[in-house]
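The following pair of complexes shares a single chain, chain A, combined with chain B in the former and chain C in the latter.
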Partner chain A sequence: MSSSAGSFPPDNPQSSPESRYAGQLRAFPWLLVAPTVILLIALTIFPLIYSLYMSLHNFTLGGAKTWIGLDNYRDLLSDRSFWRKTWFTLQITIFAVAIELVLGLLCALVLNKRLRGLGLLRMIVYIPMMLSPLVVAYFWRIMLDGSFGVFTWFAQELGFGKPQWTVDLTLAKASIVATDVWQWTPFVTLLMLAGLQAVHEAAELDKGTRWMTFRSITLPYLMTPILIAVLFRTIDTFKLFEAVYIITQGGPGDLTETLSLMAYTVGFEQSRIGMGAAISWFVVVVINVLATLLIMLMARSRRESVMMAEVGDDE
Partner chain B sequence: MSAAIPANQVKHRGRRFVWYLPAILITAVFAFPLYWIGSMAFKPARIVQNYPPSFRFSPTLDNFRQVFDSTYPDAMRNSLIIAVGTAVFSVFCATLTAYGLSRHNFRRKDNLLFWILSLRMLPAVAVIVPYSRMVRWFDLQDTYAAMILVYSIFNISFSVWLLKGFFDEIPKEMEEAARIDGYGPWKVFTDVAVPLVIPGIATALVFSIIFSINEFLLAFVLTQREAVTAPVALTNVFITTFGVNWGGLSAAAMVLVAPVIVFAVLVRNHLLRGMSFGQLD
Partner chain C sequence: MRPGHFVKAQATLNVLAPQWPQGPKEQALAAETFTPESGIAVNFEAVNYATLEQRVKLLVEGQSADYDIYDYDSQWLGGFVAAGALERLDTDQFLGNPDTTIQMDSFFPEITSRLVRYPNNEAAPSEDAPVYGVPWSLNAEALWWRNDLMDAAPATWEELRAKAQELTNDSMFGYAVQGGRDADWIISETNPIMWGNGGELWDQATYTAQGILNSDSNKDSLQFFVDMNLVDGSIDPASANWTINERLGALLTGKAAMCLNWAPLFGGVADDPNQSQVVGQIGYAPSPAGSVTTAAMIGCQGTGLNTLSEQKDAAWQYLEWWQSDETQTAMIEDIPSGFVSARTDLQSLATNPWQTVFFEMLPSLRDMWNIPEYAQLLQILQTELNLAYVGQKPPADALDDAALAQQVVLDGSPDNPANA
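And now, the complex of A and B:
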């Protein structure tokens, strides 16, 4: 991604006081940094430019290509199913992030208590976010199976009939959101718990009612972690692929296809490489904007925590 | 942690235990899918698809036997080679780069750092199309080398940030002392700085391995036979024309999950850093 690309290369490092090493020192940081930067450019900037180039061509199966200018983009932007899939991706993102945020905060408030054994429980809660999204998708695919799924049975026991999770559109959406929520609420909890460490003392000693304490002390401290959680999860959910590919295969019809799945289907299964590249460029642009915001926010939070550590003379 | 409870809180002590209830409930919700797929993995084939689902049964290792008789272990081996290769290569590059960025002031250094960080967020879908063609130019289709290079982007980006944090904490005086003793810049780096960031290097290696073991979409597009990774194998080994072998699939999923859980426990103190691209802690 190129949110702040073009910054490289800088010129001489600042001159060193030790003249004996000056020559060596001038070259040294370059030797350390340059190979990695060249590698990263070759593996990211170049593919993105190449992808842009591909999106301006029409590829035939034989490999021949013809320049078609912005035709892929024009077709894409006038394709109603593209906008429907964009809207679907956004819907999933909004629901999943909102639920993760609320649940993550609640879990953090509970798990923040200083009680024996809670450390172990926290560790168990953290496990889902470490797992492969593909494996998690299979977990839920199995539990939501229409004929033997345990959740199907739960729902039936609770009197909801025998739901067809992946056939009904609303249930299919809910299944995808639930999978994302199960895997990523722990991450929001982790972020919130870190934020809560800072307020722990203040909130414990405060004499006000619990809600007042939460409103006036806890929540303001948590604003930065909340924003960071929202951005992280938005970026990640916007590129959601595995859960949809495994649980609903985009169905019913193609009504639960996300943009990532669309780019894969168009680019690989239909071999419309140019169009696939055009879709992925759309995703890149959206995520780039979000990522730039996130990075600015994290840089600010980092500065603040450094300042707080210095002021508080942390241990 | 185990300090005496302040006097004004003693009376609340009993009430605090009420919090165990929601805490255990939350844990149960997050643990249930793991428990359930874990139990599927030990179910005899004839009851795997029972409805209502069986909660009590005599466990069997048949599903695991099937997993190890299939091509899945080859995929596990591929995953392991790619994960370790990626970890070593990317942490090596990242250690050099992080040190360079930590110790020397370039102009526009922050821009460079943010650019590196932003690569971690690069959507796989953005590069699958160009990569699938690029690997063909270099004749690297379906190879470990291609997967290691591709995964390195994400892991170098992450490890640079993680390790820069560790290098920043080394007191300048230690390196200056070594310099006065006649160490050149390279020796200061290898003999003074690197030994002090070993915990950071270990953390970066573990997170890098977890990332590579878990990744699906890139491997799905870039591997066909020889370099197929475990997540990709999950999608095809247990799915035949006769239907899906759900018991085998569950067992294979648990085989993949187990080492990741062990790794996660190992780096539990650095989870926040690890999950926030090495940024927050």
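And now, the complex of A and C:
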């Protein structure tokens, strides 16, 4: 057909090459992010929403799926052992994160020195956090065995008998914390070292005592790395699974069972998918509340740092 | 090929199995004899035992026909049947077919009643209960004992306790256990004592645990077991979170003089110098007797057809090959497989002591629950047993708490006669 008499339908002014180009320009960013968005929806958002949907059902693998509303949550919140496990998870989180912060800071202060050989030492210090948590847990399980573990051997040699690291409740808790501290203190060290690079020169110019310099210069500058470390380590430790699953199996009894292990046990070993999803959602909510609080603290700390810098500039 | 059955050439069967000692030999035999004869290739996927049960249930949930054959443990049977994972086999297409070479009456009834028939009451087994599989791997917990330290294996639990005390010294414990609360570790230690002293886990007919699990007899049995650890000191206290690996390791490295362990599963391991420091020093005896009877914990696995398989005839042909004289004989003769046959006519071929002890225990085999709720019942009891074992809770209280919690689960079961 000839188009000499004009096209039909009439030309849309928006379909001119310029407007098409403008449209393509507008669409291009969406095209670039589309794969990520699609993957995010498929791998994260949909499973998250679906798990919420499952948590509202009485569903055991192989059985019928029945809508029960919030009954799983009601049962969970009225279960004393659930609260005991929540408290234990919080205890582990508080102890592990606190120790990691102190040790991480101390390590960073040492590694921040300009001494020969420290570069190699830094690399060695970072190794634990590069290992798989599952592998680390197996190492520690073997080392902590109350019969043939290397720690037991040392304790015996030092005259402490045969401590039951994974059987005695107090020692079992300490063993879980120790494993987490061993693996993740390097991560805190890394964050602190990054922060220390920024304060290095300021600290060198100060003429006060070491403690005064640390308290009034180093520490304020480190507040942001400290809060970042607390944020990441709190989120991670509250989800702790591998160390507990491998080292104590949640025992003695279920006295060292964390919420993540409880979700796994209920959801996968007992096949009670609905209840397992409800436990997981509780963990998600708690972590989000903790993370929000920490992010608010971080924002305040940043504002104070900026103010401090401005005051310094004025002076 | 079996008459009356047509199997398309170049078919491939997919088998989902646990990583089991007999797996490699079965695969090799299938490649050597089954595939050349039938034209059917067999692809094995052996997965970690701890994940297999959930894997099958998830596959069924997703209506998957990826696998044609599922190998399963005895306690999963009820859950798999309820989920629709296993094809019923006592039908005209399979066991009822006059041409089939598998005959249910060729197997030991003690095995089939617990391993392939469901539902079936262990206290009053029925030969008419529906069939969902055929035997795959047979085991029971026998007493592995140091024959260089003792003249004879203890015949009763009381004798074992006394002998364990006598043999305990600075470098060795008299007895080793798997005391962890995961899998079926600690319950495999306590069940033979409880059953042997006349106790039961539940009443299957009425779905009752209260008053049965926490009976006086069971409380005494658990106290006896705990005392071996906490009072006698004849068991390594580290065993409270040991698994099957540490228990066997303690025996094979000479750190323990006796332990219960599966037979024939680990077959020649004690006589393999690469794995054992006590070569030629291990004897095998039936699980000791209690004050009422002898009870040995069963550890058998079955194999069945995926209900959703599109190649059920080929899969059945494979099971026929599996149960044939040639295949079963080759498996029995392969020491690393640690194998005995469920076929009564092949019993005489199993001559190793770790094989013959299984048949000695045949009349005393017992199993725990195999209903869909078994995992919940298992974890409730194991948690309480572990607490008692380490002294965190008195044994009587532990069993009272376990019975109470288990009864809630049993009361809510759709299979509970009271809910019918």
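Assume the second predicted complex is superposed on the first by the 264 of 315 C-alpha atoms of A that agree within 3 Å, B and C clash if a C-alpha of one lies under 4 Å from a C-alpha of the other, contacts with A are read in each partner's own complex, and residues count from 1 in each chain.
In this text, contacts are C-beta pairs under 8 Å (C-beta built on N, C-alpha and C of every residue); 3 or more make two chains touch, one makes a residue touch a chain.
All values reported here derive from a predicted model rather than from experimental measurement.
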Open item on the list: Tell me which touches more residues of chain A here: chain C or chain B.
Closed with: B
Open item on the list: Contacts for A:Ser147 in the overlay, against chain B (first) and chain C (second): which applies, first, second, both or neither?
Closed with: both
TODO: For A:Phe268, decide between first (touching chain B), second (touching chain C), both and neither.
DONE: both
TODO: Please work out whether A:Ala291 is in contact with chain B alone, chain C alone, both, or neither, and reply first, second, both or neither.
DONE: first
Open item on the list: Applying the document's definition of touch, where does A:Pro252 land relative to chain B and chain C: first, second, both, or neither?
Closed with: second
Open item on the list: One more residue to check, A:Ala299. First (chain B), second (chain C), both or neither?
Closed with: first
- [ ] In the overlay, answer first, second, both or neither for which of chain B and chain C A:Leu196 touches.
- [x] neither
Open item on the list: Looking at A:Gly276 after the superposition, I want to know if it touches chain B, chain C, both of them or none. Which is it: first, second, both, neither?
Closed with: first
- [ ] Could you look at A:Val33 and tell me whether it touches chain B, chain C, both or neither (first, second, both, neither)?
- [x] first
- [ ] May I ask you to decide whether A:Ile124 touches chain B, chain C, both, or neither, giving the answer as first, second, both or neither?
- [x] first
- [ ] Show which residues of chain A both chain B and chain C reach, each in its own complex.
- [x] 145, 147-148, 152, 268
Task: For the chain C and chain A complex, residues of the former touching the latter - done: 54, 57-58, 60-61, 79-80, 82-85, 180-182, 236-241, 246, 250, 255, 372, 375-376, 379, 383-384, 386-387, 389-390, 392-393, 414
Task: Contact set on chain A toward chain B in their complex - done: 1-5, 7-8, 10-11, 13-14, 18, 21, 24-25, 28-33, 35-37, 39-40, 43-44, 47-48, 50-51, 54, 107, 110-111, 113-115, 117-118, 121, 123-136, 138-140, 142-143, 145, 147-150, 152-153, 182, 185-187, 190-191, 194, 204, 228, 232, 235, 238-239, 241-242, 246, 259-260, 263-264, 267-268, 273, 276-277, 280-281, 283-284, 287-288, 291-292, 294-295, 298-299, 301-302
Task: Complex interface listing, chain A residues touching chain C - done: 60-63, 145-148, 152, 162, 164, 166-169, 248-255, 265, 268-272
- [ ] Sort out for me which residues of chain B touch chain A in the complex.
- [x] 1, 9, 16-17, 19-20, 22-24, 26-27, 30-31, 33-34, 36-37, 40, 48-53, 93-94, 96-97, 99-101, 103-112, 114-119, 121-134, 149-150, 152-153, 156-157, 160, 179, 184-186, 189, 210, 213-217, 221, 231, 234-235, 246, 249-250, 253, 256-257, 260-261, 263-265, 268, 271-272, 275-276, 279-281
